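The next part holds the structures, each set out as structure tokens.
Each of the two complexes below includes chain A, the first together with chain B, the second together with chain C.
Presenting the complex of A and B:
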């Protein structure tokens, strides 16, 4: 009688329980792997943003208030030799949408000269940069937007702004960005916007050239932190006080405002681990109780304690493996082929499965299996053969 | 007529296998806890938006704007509205038309200790606003007209820790100190997440020459759609949206959030059904002889079936009660506030999540259903125990 045979028979002797446990284990597991995928995507995105070393400078009162264009020159003046900062890119919210549709795109007008430098993650080729520099109507958009509206490089498109004076502008698609961090962004040239605004609002030249935010590409994390303090100090006690934040801190404000779905997923992942542990623990307890006599028989016919311990523990691990595969594999396959798009606005464009999440989920399941099996296995070792044989289940 | 099994039999059975019962109860408690939180949140949202549900209040914004935040209505355009025939009048004969300006201020959230900032709506109003927005009630003092003062909605005051006597830095440059002189309630509606000040003062502080919107109250009995069409027409050319429609459209993000949340709770509910089934099957298997005994002394299969169903419902109710308690403790000690952007306002709607008796009753009902579903097949198996064979079992 091999150990493998015993294990197999144990799982099959009560197939109903094995199935019920596996399903009760698999469903929360499915949630877990999806939640961890989202959380790990966020961590990845945070790291990618960190690598970009971009500092956001916006109005202290609120990002809605516009800062004068001159902020760029004054910030550049802090480091004329460009030892700490690579470039400064002013941006203004356009909030464009495709005429007669509902969704406002995250569309911003950016300083044309510095955009390719500051947004190196847009990954523009020399040809694309040339196109961006050549055509005043050039725009650069993320792949998620391109997919949603079926736009491709070279297309001519029209957006209408949702902020006064509600300009309708035509654009030429110079590039579809493939970086995940830029999936839902749309950038175009700010000189085009400023001129269009001046035409629409004659006499408001200053207002037309103002920006909501200035992105500063820094040379190192230390430079980013020192500039953060210096910039805010530079504009302190002026009519346009600033607040500087790194890209992740800036983004966190919006993640919270969109209801903090990552927070929901994290909380869910914790609840789910709790539920899985209970389900597994419960099954192992029940299974052990029903088989006390049998385990005693094993011991009576000469099975070593170590082997009995192993048999009980291995059953728990096997069950956990079965349940987790049942939950993780279908969800992973589904999300692999059909990533969920449109999670509202926020940094994540799509819920995709991550290999890290799959491995992490399976590891978590094994740990729970181990924990659930330990106590009954210990009990099995401690079992006093004579008593147990006499006990009536 | 056979006698029903006494309830105490079912109740006490649960304590024969304490660990298994406890583990199952905890599974149900986890699901019930999450469910009650979701319902609390959904309820807060529904309550808030239902309050802003007066179809005779119209919000008028510029064509092309998607909300008051990105709308600019010139004073000239605003004045054209007074020709509308269906606007209500107050006792003094004044038309109930309110010019309003919407700006934002960035304030630290209490719930994450100020790590992130929310964009809070600041609304410049005249005293007409209190007549047009009928559910807005100042609690105490109101802002003066000659001094920089504001009043703060209760929800905003709570979530962004604003107290009477505080000074808020408003104005385009954030350099005008406005003193908080009072709070206001809006029956829990979305306006309670805002800060209100005197329109001319705020327009000056923000260098504005235009209003953001006009709010109108229509005479009861008139057709709001008629006025909406009139405002759209060539003479005025603005966009009018009835208040309920406006605020419902702002809840788009929140609905996405709730859909995800409900899907997750649903999946966990199914897992709980399987978990209960597992426990009950084991309970039936362990009690085969006992069931046979009950049958022998005259209890029918139906009574046995019912007995196990009741047992599962007891189990589920214990879990449900524990879950509700857990949720209440969470709301009490960890936090019960949540705020989210409106879909287009770019300002935050603040909620207070509360457990109402309805939610608790609903959660207990839901877990009872989960318990029954889980116990159905085990109970059927129990009812079909072959008496003679079972009595012979070890």
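Presenting the complex of A and C:
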């Protein structure tokens, strides 16, 4: 028999209470690990976006207000030698969905000549670029969309727009993008959309060629910041005043449209941690009170206070570890082998387990166990053997 | 080496409750020879348990000195006292105080966790202790599977497994019926007569006290009577 065995047996003293406390740990920790995985994915996404050095230019009032095609030329005019910017790509929201389905895809019409340059993370091969350039109906879509609708390169597909005039367009899949940052995006050629709009709305030829956003691929972070100011200054006090922002800030407009989701998640995680700490602390105090005389006997027969402190604290840590493993391991295993696809949570397409979240959750559980066990362990040290024995004898 | 196992000189113990001092032992002098079975009697609040706790190093006197064999207890700090207790004193309590989730053998083994010894030696010691108390066939029983008397036997085995010099028993039969009490007292007698253990037993029960060779009567913190007797005939302990 070892002290560890005694610890383990103590946990089994009241199996129902141990199970309930472990479950009280497990469920929130499962949510915690999933939430932190999402936040981690957002952070990783942010870092990936930063590496792309893309600057979004849209109307200052709202992204719904369209900017004229001339914006591209004027922006390009700021750096005709391409020393600071690689290319400018105009984009227009299509909002297409597969006929007779509900989910609107993040589908955008992009300038065909500059799209492969600005979206280098689409990772188009020369053949795919050639197919994109050759076929007016070419489209490039993310792997999450491809998986959801079982589309592959070479397929002919149809999307119906959810915005007036509700165009129904046919596309040819030129590329399925594998980049996580592009998993939920669908791009096609803007000239195809412009011509289709002109046909559908002959009286609104000028409006047909307007864009919601211009993406500018910059050569460096410093260039991105300098161009950001110059572009907004260029269009200041015009009918088409612009707002330029980096890709993360632009993305945050959408993820935070429904509230500060990462912030809410962090707040939720903190509440969860606090609640578990209370539950665990209460359990440990109950367990300590039940065993006051037993701990007094331990001290009477020669267990040093330090050892009694360790026994009480280790029990709390063991309970926290068991509970968190019960929650974290199944969820982690499940998400590791079967990541949730097609999530559509802002730019996040899939809920994949993050090693950081697993380690962080277990570390958090240990901290909760420590916090919950410290007070009872301290009480055990302070316990006067004589008083405890007298109280119960 | 002296033959005195326990020596107390002018021991005063005062408990303080708020601003009130409560005297419990008042200048007590006591000597107990090694290998004696002593019964400590007296009304509630007379200081019996306090005396036991002082000798066991669980509490310290307000003034005076306590020596157990060659160890002057007031010279030891808390940590040293705890270590000393683990080697030299065995405790038996009225309510047994066994760990309910451990078997009889594991309960007896508990004090040995503090000693560096092989698993085999530990097993042998536990088996010997349980055989001495007559529970060699109940090693795997948990406390809730044992009778009160058997639980107290396990507690006695736990007290003797470290081979202490002194056994301090606080009302060891207080929670047992008459017949079982006799068995436990016979067992204590056996430990005293066959194994030479010095036993100090607190009891209210005169029938229990007749098993002791010496009976001390404590009242209001003062040793009122000190009687030497031939112990009652030892019945079989098993």
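Keep in mind that, in the parts below, the second predicted complex is superposed on the first by the 371 of 393 C-alpha atoms of A that agree within 3 Å, B and C clash if a C-alpha of one lies under 4 Å from a C-alpha of the other, contacts with A are read in each partner's own complex, and residues count from 1 in each chain.
Definition applied: a residue touches a chain if its C-beta (ideal position, glycine included) is under 8 Å from a C-beta of that chain, and two chains touch if they have at least 3 such contacts.
All figures in this text were calculated on a predicted structure; none of them were measured in a lab.
Engineer: After superposition on the shared chain, which partner residues are touched by A:303: those of chain B (first), chain C (second), both, or neither?
Structural biologist: Second partner only, chain C.
Engineer: Considering only the touch criterion stated at the top, classify A:20 as touching first (chain B), second (chain C), both, or neither.
Structural biologist: A:20 contacts chain B only, not chain C.
Engineer: Could you tell me if A:184 is touching chain B, chain C, both of them or neither one (first, second, both, neither)?
Structural biologist: neither
Engineer: Please indicate which partner A:316 is in contact with in the superposed arrangement: first for chain B, second for chain C, both, or neither.
Structural biologist: Touch status of A:316: no partner.
Engineer: With both complexes overlaid on chain A, does A:12 touch chain B (first), chain C (second), both or neither?
Structural biologist: After superposition on chain A, A:12 lies in contact with chain C alone.
Engineer: Which partner, once the models are overlaid, touches more of chain A's residues, chain C or chain B?
Structural biologist: The partner that reaches more residues of chain A in the superposed model: B.
Engineer: Please indicate which partner A:106 is in contact with in the superposed arrangement: first for chain B, second for chain C, both, or neither.
Structural biologist: It touches nothing on chain B or chain C.
Engineer: Quick one: classify A:2 as touching chain B (first), chain C (second), both or neither.
Structural biologist: Touch status of A:2: second partner only.
Engineer: Could you tell me which stretches of chain A are touched by chain B in one complex and by chain C in the other?
Structural biologist: On chain A, the overlap between the chain B and chain C contacts is residues 392-393.
Engineer: Once bound in the complex, which stretches of chain A touch chain B?
Structural biologist: Contacts found on chain A: 16-17, 20-21, 23-25, 27-28, 30-31, 59-65, 95, 104, 160-166, 238-241, 243, 252-253, 255-259, 261, 264, 268, 271-272, 274-275, 278-279, 281-283, 285-286, 289-290, 343-345, 392-393.
Engineer: Contact residues on chain A for chain C in the complex?
Structural biologist: Those residues of chain A that touch chain C are 1-3, 5-6, 9-10, 12-13, 293-294, 297-305, 385-386, 389-390, 392-393.
Engineer: Quick check: in the complex, which residue numbers of chain B touch chain A?
Structural biologist: These residues of chain B touch chain A: 17, 19-20, 23-24, 26-27, 30-31, 33-34, 62-66, 69-72, 103-106, 109, 112, 115-119, 169-175, 252-254, 256-257, 260-261, 264, 267-268, 270-272, 274-275, 277-279, 281-282, 285-286, 338-341, 344, 346, 348, 394.
Engineer: Considering only the defined contacts, which chain C positions touch chain A in the complex?
Structural biologist: Chain C residues touching chain A: 49, 53, 56, 58-59, 78-79, 82-83, 85-87, 91, 93-95, 97, 99-102, 106, 109-111, 113-114, 158, 162, 170-171.
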